[in-house]
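Pasting the structures here.
Two complexes come next, and they have one chain in common, chain A, joined by chain B in the first and chain C in the second.
And now, the complex of A and B:
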């Protein structure tokens, strides 16, 4: 059995875990992050893609609201290629309590969130999908954020300082001796091999799996698993984030995210942290509520539905849902349970991941006797792509192709552009819905942490557009057959990939997306002689 | 973006039939194809209007993508708007601005048509134009007529049938091929129908194809108002150019959201008009024998107009005439496209199918409704090319309509 050594092991490759890894690395603390799947396969990619201004929480959760606006401003600065400055709106409809608006304005001001009243007529002219019944509207500094990209940004930055990452490694045991954690045991999810890491400290940042991880060390952490379903529209319905100006509820946020629009969410307490199945009923409920803000919603095409599990935390006994705080909690298990060398970071939300990491590493560093201060709020995640390089990119990929590839690739963009300049064939677009070139796919395959087509998808967005993988998955696989990790059974690779795509399409199978699915079924089942959709 | 546009965008299911039927994508990879430039990138353009791929300039606007789309997406209209966006942001080269104004070129050539025709054939001058402007030296230039159709047209005395017909000749017939307009007058006179003519603006298609949408929109409004006036007075409107026909009836609505409903009933391709007469038993079917074998080329815009091949039924009535369909797809010239230096080779490659079909059928005469297709087929094969009306006028018995 392979044995590694690191001062700290971080469990969980979500926003918080990767944020922690980066913070540790920047403070010079040797660390390994372990993740049971691919980075961001859980909660951190199963959300709106909304970088909160905090306005949503201003009335009920002032602390959370203040943290949001501060982190929002920090992320704009350190990760500009992951954040789209869309701006956000809070719109009030005739059926909403006008008094809530006044309360909300005061709360936003107190939390330091700018909210300027907007001219409703002008707003509707600019965003013609909005209901003509909107009574008042306010502009807030909401943004769209790309979860996958931020996480990889964290990891790449951490790696530059020596940190390591093991994806597809599930923790099977946490070893301890004399009241102190000594290491973890892992199982490689792809080949079943065991591996262990000796360490002084384990950080549990496993999100909805936080309770399970704690249990391995004999501890009890009550993570409330709250499933939220979201839907993705085929194109951008509006160019700003749109929230409903009323106490937070289901289906009241639209986020334009790249080429699509995400509407969500619902809220249901579940038992299984891996429960990511969107329900048909939930989808219908979302559309119904969303229609109040966007009346023509029913006629627009949905490409898929997806669900994520919010890991909520409330000390003591609580039921869950919208009433639970979005604040995070840092649990020092030495102090709380008498087990040295282990901390859990639970609750919180994507927008505040960096702050959660900072607080966690502050505690861990003090325990390890490290004095280095946190630098994650100051140092950018990656070097921005220069104008000159972008121009070169436009020559080979066109305007949208270059811009998207630059955002996705960050520091590696130069390398991919060079590839295509040398060999124009590599500029061929394999995923037309998201403009992903052969060169970019090869870059992702080459990176060392792409083991499945899904991994390539999360890095490049291949398969995430209108056709949901119908045309790009076989093209991509064909182009990758020379790579050892894609040299096995192609039927299996495609089945795994497409079943995941179809899982999201199934709850929205009507209209044009149904025709798309028919075409997809025809290609794969008839032409390629694969099985029925399951 | 209007709700209609958004829904059109959602209707594409990526089947790629448009790509497989695209004559440009077949011969060059400089064009990313109708799907990529259309619905695929349209999703990005909602985020950032600048997200137009420069390869959009390689679309010939043949509209084949619209015809074949099983989901009813007007791909070419999406591409036209995108090209307009691209040109309004990056500007158009002088060459395109010149080529797009076929009406102005026609007017200018009026001063000395013979001289213009001679200069257009002078190799050194053409090489200079290629170097300076990017106008291909290899492509045959259309010849200007000594007198325009409007100058040549004389109303004939005919019996009163109560039918009122206005003819929209289009720039090409007026400045380059007045014989087509005269043939139309001849054929209608044969049926005792008098033709009215009037000065119109260019339909705007060359402007649209070059992305100069604002000017095209202005002309569209003027033309539409004028045509509406005739419709109000009980006129039927006939055209002989499929591109003008398509632009007036369809593009004005698709691109400029103008109300073209009145044109839908009242504006017809001249052979559609004659077919209606035939169905009503009112067509004079007294034709002279014409022992000829001709090849027929269907212009893309006639196909896109969705009226089939309206000349077929009428020409079948001519004794002795045999019409063989070339069935070779797009000729590749696409109006101003094939005159552009960087696109000439592409245009010729697309047209090679037409060349092969003419050779295989062994025909020495070809007919086609589109003036630009006629020019290209002549350029490709050297055979004589006519408008079907010229054949019909010949069969009506007056004049030498086929002698070029």
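And now, the complex of A and C:
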């Protein structure tokens, strides 16, 4: 069995875990992050993609609101290529309690969130999909954020300082001796091999799996698993994030991302942290509520539905849902349970991941006797792509293709542009919906942590557009079939990828997307007879 | 603008074109209007009739006609049960039209061909254009898969790896791959097919392939060998190489389906059919269970068309013949009912062997292809329904889409003007 050593092992490759890894690395603490799947395969890729201003929490959760606005401003500064400065709106409809607005304005002001009343007529002119019945509207500093990109930014930054990442490694045991954690045991999810890491400290940042991880060390952490379903429209319906001005509820936020819009979410307590099946009825309910803000919603094309599990935490026994705080909690298991060398970071939300990491690493560093201060709020996540490099990119990918690739690739954009300059054939676009080139796909395949077509998708957005992988998954397989990790069972690679896409398409199979589904089954069954391939 | 015709066909897919060809042959005045080029251009270009055994759906069916006879007994709701009386003559008619237009379709001694795809799988089909009709792969003494550098939709190594795994080749059969250059740049299947119509380009490809040929080898290429329906590219390439050359099925766009459509369009125009492409039918007037006129828009102008018989060949959801909302589906011109069942429209597994309900949705018809309601009562007497518009066919799994289109289109064309008028 392979044995590694690191001072700290971080469990969980979501926003919080990768944020912690970066913070540790920047303070010079040797660490390994372990993740059971690919990075961001869980909650951190299954949300609105909303960088909260905090306004949503201002009335009920003042502390969370204040943290949100502070972190919002920090992320804009350190990760400008991951944040789209859309701005946000809170709109009130005739059926909403007008008194809530006053309460909300006061709360926002107290939390330090700017909320300026907007001219409703002008807003509707700029965002014509909005209901003409909007009574009042306020502008807040909400943004759209790309979860995948932030996570990879964290990891790449941490790696530059010597940190390591093991994806597809599930923790199977947490070893302890004399009341102190000594290491973890892992199982490689792709080949079943075991591996162990000796360490002084384990940080449990496993999100919805936080309770399961704690249980391996014999501890009880009550993580409430709250499933939220979201839908993705194949249009940019509006240019700003749009929230409903009333107490937070289902289906009251729209977030534009590039060419699509995400509407969500629902809230249901579940038992399984891996329960990411979007429900058909939940989707219909979302659309119904969304229609109050966007009356023509039914006529727009949906591309898929997806669901994520919020890991909520409330000390003691809470049932779950909207009433549970969105605050995070840092549990020192030495103090709480008498087990040295383990902390859990639970609850919270994507917007505040950096702060959660900072607080966690502050505690861990003090336990390890490290004095280095946190630098993650000051140091940029990646070097911005220069104008000169972008110009070179435009020559090989065209203007929109170069912009998208530069945003996705950040620090790696230069390498990919260089590849295409050397070999123009590599500039061909394999995923037309998201304008992903062969060179970019090869770059992702070379990275050392792409084992499936899904991993390539999360790194490049290949397969996430209108066709949902119907054309580009086959092309990507073809282009990568010479790579050892894609040379084996083509049926399995393609089937797994297509099945994941299918899971999200099924709850929205009508209108245009049903046509797409018919084309997709036509290609893989009628033309390729793949249903009988073995 | 007002138009009058004996037979109006809506849709330029395989069933619409078959209906036009047959009705015109019987001396009817025929008009064909279509929004676009029809889904046959997205198809393999082969006529899949029936792929597998009813009892063992993993076994390739050796006698599709006999299997369809059995099918009609066990599943009288299948579209084949409505067209079985004309199935064989429709196939003969189809082959005669193809022959006359220089794009012959070959059968495999009455059984199924087992033709390779770009994914290296094998698919059963009844009739194949000569350019696709690979004989028994078990017998070949070598395979060379040739791809084009300019084309991003075809990967010889994927085809070769999976064909080898399929076990159809003899164990010692050499299986090689080769990439050739057709002049550089990036080309779509259509632009590459156009380029290959130039004999000088074909010569340069021949030069690149020749050094890699082994005795007795057959060549498999992507479906781009020529743009025109009567293209000789595959034939010329084979003659110059001295080895048989075949196109395999691939993701759309692929030329064999487009050639089939072009050929049939050419044929029906030659038969005097008035063809208007780019004409969207938005609705129809129906009185006393008869369609009195359809309302269309062509080149921005409204057109009213009256016809004795209207043949609805507008396709399924993909073709735009059917539309849907959550929990509800309907036919798009006449609003004919489409049964959606109480079950889910799709199966949990994308590649489910049971198929998806949405692919079986469509319009119920009687033995004269007239749309009927739940009780079997005809809804509109002078309308006939063909092809993918028909309910009850699980074509992606059964491999019968183009077969149903040929037979139902032919039958509608034959019946036009005979029944109910």
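General observations
One rule holds for everything that comes next: the second predicted complex is superposed on the first by the 531 of 534 C-alpha atoms of A that agree within 3 Å, B and C clash if a C-alpha of one lies under 4 Å from a C-alpha of the other, contacts with A are read in each partner's own complex, and residues count from 1 in each chain.
In the analysis below, a residue touches a chain if its C-beta (ideal position, glycine included) is under 8 Å from a C-beta of that chain, and two chains touch if they have at least 3 such contacts.
Values in this document were obtained by computation on a predicted structure and should not be read as measured data.
In the superposed model, A:258 lies in contact with chain B only, and not with chain C. For chain A, the partner touching the most residues, choosing from chain B and chain C, is C. By the document's definition of touching, of the two partners only chain B reaches A:235; chain C does not.
Residue contacts after overlaying the shared chain place A:471 against chain B and chain C alike.
Contacts of A:515 after superposition: both chain B and chain C are touched. Residue contacts after overlaying the shared chain place A:401 against chain B, while chain C stays out of touching range.
Of the two partner chains placed around the shared chain by superposition, neither chain B nor chain C is touched by A:190.
When the shared chain is aligned, no partner comes close enough to touch A:85: not chain B, not chain C. In the superposition on chain A, A:506 contacts chain C only, with no contact to chain B. In the superposition on chain A, contact of A:315 is made with neither chain B nor chain C. Across the superposed pair, chain B and chain C both touch chain A at residues 471, 511, 515, 519. Of all residues in chain A, only 280, 284, 298, 425, 428, 430, 438, 471, 474-475, 477-479, 481-482, 487, 490-491, 495, 498-499, 501-502, 506, 509-511, 514-515, 517-533 touch chain C in the complex they form. By the touch criterion stated above, chain B contacts chain A in their complex at residues 1-3, 6-7, 9-16, 32, 35-36, 39-48, 50-55, 71. Those residues of chain C lying in contact with chain A across their complex are 42-44, 48, 51-52, 58, 117-124, 149, 152-155, 157-158, 161-162, 166, 186, 249-252, 316-318, 320, 323-326, 344-346, 348-353, 355-356, 358-359, 395-397, 399, 401.
Against chain B, in their complex, chain A makes its touches with residues 128-129, 234-237, 239, 256, 258-260, 296, 299-301, 398-401, 403-404, 429, 432-433, 435, 465-467, 470-471, 511-512, 515-516, 519.
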